[in-house]
Amino acid sequence: MSASLPASSPPASNGSEPVGAGFILKKAVLSALVALGLFSLMVGVRTEAGQSGQLEYWTRFGELASLVGAVFVGSIVVELLRLWLGPRGGLGSFVPASVQSGLSVAGRYLAPALLIFTLLVPVIFYNQRYILDLGILVLTYVMLGWGLNVVVGLAGLLDLGYVAFYAVGAYSYGLLSTTFGLSFWICLPLAGILAAFWGVLLGFPVLRLRGDYLAIVTLAFGEIIRLVLINWQDVTGGPNGISGIPRPSLFGIPLTPGPDGLAAMLGIPFSPTHRIVFLFYLILALALLTNWVTIRLRRLPIGRAWEALREDEVACRALGINITTTKLTAFATGAMFGGFAGAFFATRQGFISPESFTFQESALVLAIVVLGGMGSQLGVALAALAMIGGFELFRSLEVYRMLVFGLAMVLVMIWRPRGIVGHRSPTVFLEKSKSISSDLVKEGHG
Amino acid sequence: MDYFAQQLINGLVLGSIYGLIAIGYTMVYGIVGMINFAHGDVFMIGGFIALISFLVLVSVGLTAVPVILLIVLLVSMAITALYGWTIERIAYRPLRHSFRLAPMLSAIGMSFVLTNFSQVSQGARVKPVPPIVTGGYTLHEGESGFVVQLSNIQIVVVITTIVLLGLFTWLVSRTRLGRDMRACEQDQTMAALLGVDVDRTISMTFVIGAALAAVAGMMYLLYYGLVDFFMGFVAGIKAFTAAVLGGIGSLPGAMLGGLAIGLIETFWSAYFSVEYKDVAAFSILIVVLIFMPTGLLGRPEVEKV
Amino acid sequence: MSSAPILALENLTMRFGGIVAVNALSFSAQRKQITALIGPNGAGKTTVFNCITGFYKPTSGVIRLTHDDGTQYEMQKLKDFNISKQAKVARTFQNIRLFPGMTALENLMVAQHNALMRASGLTLLGLLGVPSWRTAEQSAIDNAVFWLKRVGLLDRADDAAGNLAYGDQRRLEIARAMCTGPALLCLDEPAAGLNARESAALSELLLSIRSDHGTSILLIEHDMSVVMEISDRIVVMDYGVKIAEGTPRDIRDDPKVIAAYLGTDEEEAAAVLEAEA
C-alpha cells in the first residue's frame, strides 16, 4: 500500500502557503476554534452521578477558556518554532543527525558501559530501595522487549497479545509452586516451556494469516487468556488471583532471617535488601540470557531465516525455507522468554492477578520494541529504560500520567518512526561490518 | 422458541451498534491501511457527548423526546466528527508515508490519550442515565409465560442504523466524495495525480467514521443507560473483531461482522455462560480466520510473483 | 546418468477464474542445456515458472523433474519449499526479490539455509558453538564467496543488497539461486534492464553455469540477442499455448513466431521474411 512510498512523496497541500504573522495568527485562531469545539462539552460541562443516583452537571467555563487559550498560544509557539527550525518544519525534520551518528559510534562503548553500570546499581544504590525496585521493573521490561523483539523485530510478525505468554509463565509458576510445592528453579524452565507450547498452539493455525489479521488474532488470544484467568475461578482464583507465591531461593538457600537463611550461613546480619538485590541480579541474569541467546540465534541459520522472512517471504519459499516452521520457532522462542519473565514476575510479587496482564501491557512492550528500533538489542534496552523510567517520572502527574504518556508515544513516533537505533547490523561479514540503514530494512507483512 | 426469538432481537440490536463502530475501522483501514486503535475511544467520546448534550437539553426545559433525540444525535455526530478529524491531523497525517508500525503505535498512544482525557475531564465513575425512550411492544406471549418483547429503544437503534447505512451507502457509491475515497483506496499517488485531494479525502474518511461511531455511542447510551470512560476499549476491540470477521476493507462485511459478533455474544450468554461470551466471540473470530483467512466478505489476497 | 529430460511438462493448464493463462502446454528441457521460454507480454511464461516452482497449484497437468540419478519428482504434488529443498529447483524473479536489508553475503547464507540447519543440529549444536558447526559455517561462507566472485560482487559482499545497482542485484539474485546447489535453474528475464555490456557478461555467466556446474537452465527472456546466443532450444508461447519449438535457427525464421511478436498474421510475417532474404 501507500506505506511503501518514500517519505519524500508529494508535499502536503498547505506546505507552500506564505508564512507570515497573519498566517500564524489565522492558524492559531483556527486551532483555538477547533479546541473550543472539542472541549466545549467534554470540559465545559462536568457530569457526575449525585447522591440519589440522579445525574447532575455543572459548568466549568473558566477551565474551558484557559484550555482554548492554551491551544491558541501553543499553536503560535509551534508555528514560530517551525519557522525557526526550517522550512519543512515540524518535529519530523528535527532529527538530530549528530545524535544518530554519535549513537552508532558510541554504540560499541555504550552497551558495555551500560552493562557495567547495571551490574553496579545494587552496590551504588544499596540503600535506596526505590531505585532498586525501579531497576528490577526496567529490567523486566528489557527482558520482555528482547523477547518480543524476536517475534516483531526479527521475524516481522506483529504480535499484539504478547502479554498472554507473560501471563502463562506467571500462572505456571504460581500454580505449580502453590499446589505442588515445586521450587522456582524447577518451575522457571517449565514456565518457559509451557509458554512456548502455548505459542506453538496459537501459532500453528494462525501463522499463515498475514499482516493485520495476525495482529487481531494475537490480540484476541491475549484477551481470551485474560478472560479465562478471570473466570476460571477454581483454578486461577479468578479476579483475586493467586497469593502466597513462594519467593525464590539461592539454589535452595532461602533468603530469610531464620537460622538456615543465607544471612545466617554467611554470618552477616539479615536485611530485607538482600532479597531485593538477589531479585535484581536474577532478572539481570535472565535478561542477559535472553540477549545472549538472541544474538547467537541471529547468527545461526534459524535467525537469518527469521530476518529473511521479514524481508521477503516469497523469496524465502523459493529458497526452500519452510516458512511455517520458521515462523513457529520465532513465535515459540519469543513466547518462551515471555514465560521466563512471567515466572520472575510471579516470584517477585508473590501475588498475581489478571489485572497485570491487560492489553495495555502488550502495547507497552510493543512500544518498547518499536521505539527501540526494530531488531536492535541495544535500542530495546534504551527504550525500556526511557519508557519505564519516563513513566515513573510522570508519577507526580497522577491522573494525568496516561494522558502525558499517550501524547509522548504519539510525539515520539512522529519524531522517530523507525525508533532510536535506526540501523541494522549484519550477522556475518567478510571485511568489515557495515551497519545497514533502516530505510532498507523491511518490517514484514505478517 | 420464544426465548430464541427474544435473543435474536437482542443480538441484532447489539450487532447494529458493533456494526456502526466496525464501519469506521474498515473505512480507515481500506483507505490508509492502518488499524485505527483510537476508534473505540472515539465511540466512547461520542457516548459522553451524547450524555452531556442530553443533560443540558433537558435542563433547559426541552421535553419533546423526538426533538431531544434529534438534537443530541446531530450534536454528538458533529463534535465527535471533529475529534476524528483532529486525531487524524495530529497523530496520523505526519506518519502517512511512514513505516507500518509507527502509525499503529501512534494510534495506541492516541487511544490512551482519549481514555485518560475523558477520565480526567468527566471523572472515573460510571454515568447512569434514566431511560429516555421507554415502552415497547409485546410480540408474542408463550404458554410458559415467556414474553417476546420489542422495546421502542430497540426499534430506534435498528431504524437509525438502517437509515444511516442507507445514507452512507449512497455517500460512498454515488457522490464525488465516495468516488474519491474509492480512488484513494486503490492508489493514492495516482488519485493525487488525477486531481483528487487525498488529504481532504482521508480527513473526510475519519470524519465519517467518527460520526458513525458517535451514533453508536449514543445508541449505546440509550440502550444500556450508562457510559464510562473505559467502555471504548472493549467495544472497540469487539468492533474491530467484527470488521476483521467480515473481511476488513469491506463495508457490508463490517455490518455483517458486527451482527455476527452481536448474535454470538447474545446467544452464548443466553444458552451457555455470560462470563465466557467474549471468549466465544474471540474464539469464533480465530476459527473463522483459520478457514477464511480474509474474513467472510474480504477479497482474497492474490500475490503476484 | 538418467536419459530422461530434466524437466517435462505434460498438458500443463493454469486458470485464473476466466483467464486461461497456460493452456495444455507440453514441452521438455534437456539435461545440461539452456532452454529458453519466450513469447510476447502476457503469454503466460511467468505463470509456467510459478507452477514449476510451486507458487501456483496448476489446474491440471504434470510437471516431472528427473535428477541425474533417476529420482523423479512430480512438482505439482510437492510443497513449495520442498521444490527447492528436495527437487533442487532454484529460481529468480521477474521483479527482483532479494532481501534488501541484508548484506549480499547474508543473502547467500540464507540460500544455504537447509544445509546449515542440518549442520547446526537444528540450532542446538550451533547455539553451543560445537566445532562441526563452525566448519560447516565456514564452508558455507566459502561457497558464498565463490559465487560472489563468479558474479563479480566480492567487493560488495558487506553492502546491503538494497543498495546495489540494478544490474548487480540481478546477478546477486542468480548467485543466491546457485548457492542452493540447484539441478535446474529457472531465470525470469535476467537481462531485463541491463545494458549491452552487462547482457554480454550475463550470457557468459549462464554459459559457464551450464558447462562448469552442469546445471540445466530454463530461461525466460525478451532480449533476443541473449536468447539466440546461448539457448540450446527455444520454446515459444503465445496466449498460453506453445506455438513453436526448436533450435535458435529454426525459431529465428519461423513466421508464426514473428507474427506473434509483431501482432500480425502469419502471411504478413512470411512476406516480411522473404523481403528481408
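Couple of notes before you dig in:
Each chain carries a letter (A, B and C) given by its place in the written order, and its residues are counted from 1.
The criterion applied here is as follows: contacts are C-beta pairs under 8 Å (C-beta built on N, C-alpha and C of every residue); 3 or more make two chains touch, one makes a residue touch a chain.
Given the structure is predicted, the values throughout are model-derived calculations rather than measurements.
Among the chains, the centre nearest to the mean of all shown protein C-alpha atoms is found for A. Of all chains, the one whose Cα centroid sits at the greatest distance from that of subunit A is C. A straight line joining the Cα centres of subunit A and subunit B is 28 Å long.
If each chain is reduced to the centroid of its CA atoms, subunit A and subunit C end up 44 Å from each other.
Look at where the CA atoms of subunit B average out and do the same for subunit C: the two points lie 50 Å apart.
Each of the following residues of subunit B touches two or more other chains: 305. Residues of subunit A in contact with two or more other chains: 314. Residue positions 55, 93, 97 of subunit C are each in touch with at least two other chains. Against subunit B, in their complex, subunit C makes its touches with residues 46, 50, 55, 93, 97.
Contact residues on subunit B toward subunit C in their complex (touch as defined above): 305. Those residues of subunit B lying in contact with subunit A across their complex are 29, 32-33, 35, 45, 48-49, 51-53, 55-56, 59, 75, 79, 82-83, 86, 90-91, 93-103, 105-106, 108-123, 125-130, 188-189, 192, 197, 199, 233, 237, 240-241, 244, 248, 275-276, 278-279, 282-283, 285-286, 289-290, 293-295, 301, 303, 305. Across the complex, subunit A meets subunit C through its residues 293, 296-297, 300-302, 304-305, 307-308, 310-312, 314-323, 329, 424, 426-434, 436-438, 440-442. Those residues of subunit C that touch subunit A in the complex are listed here as 53-55, 79-85, 90-91, 93, 97-103, 105-106, 109-114, 116-117, 120, 123, 126-127, 129, 141, 145, 157-160, 162-163, 176, 180.
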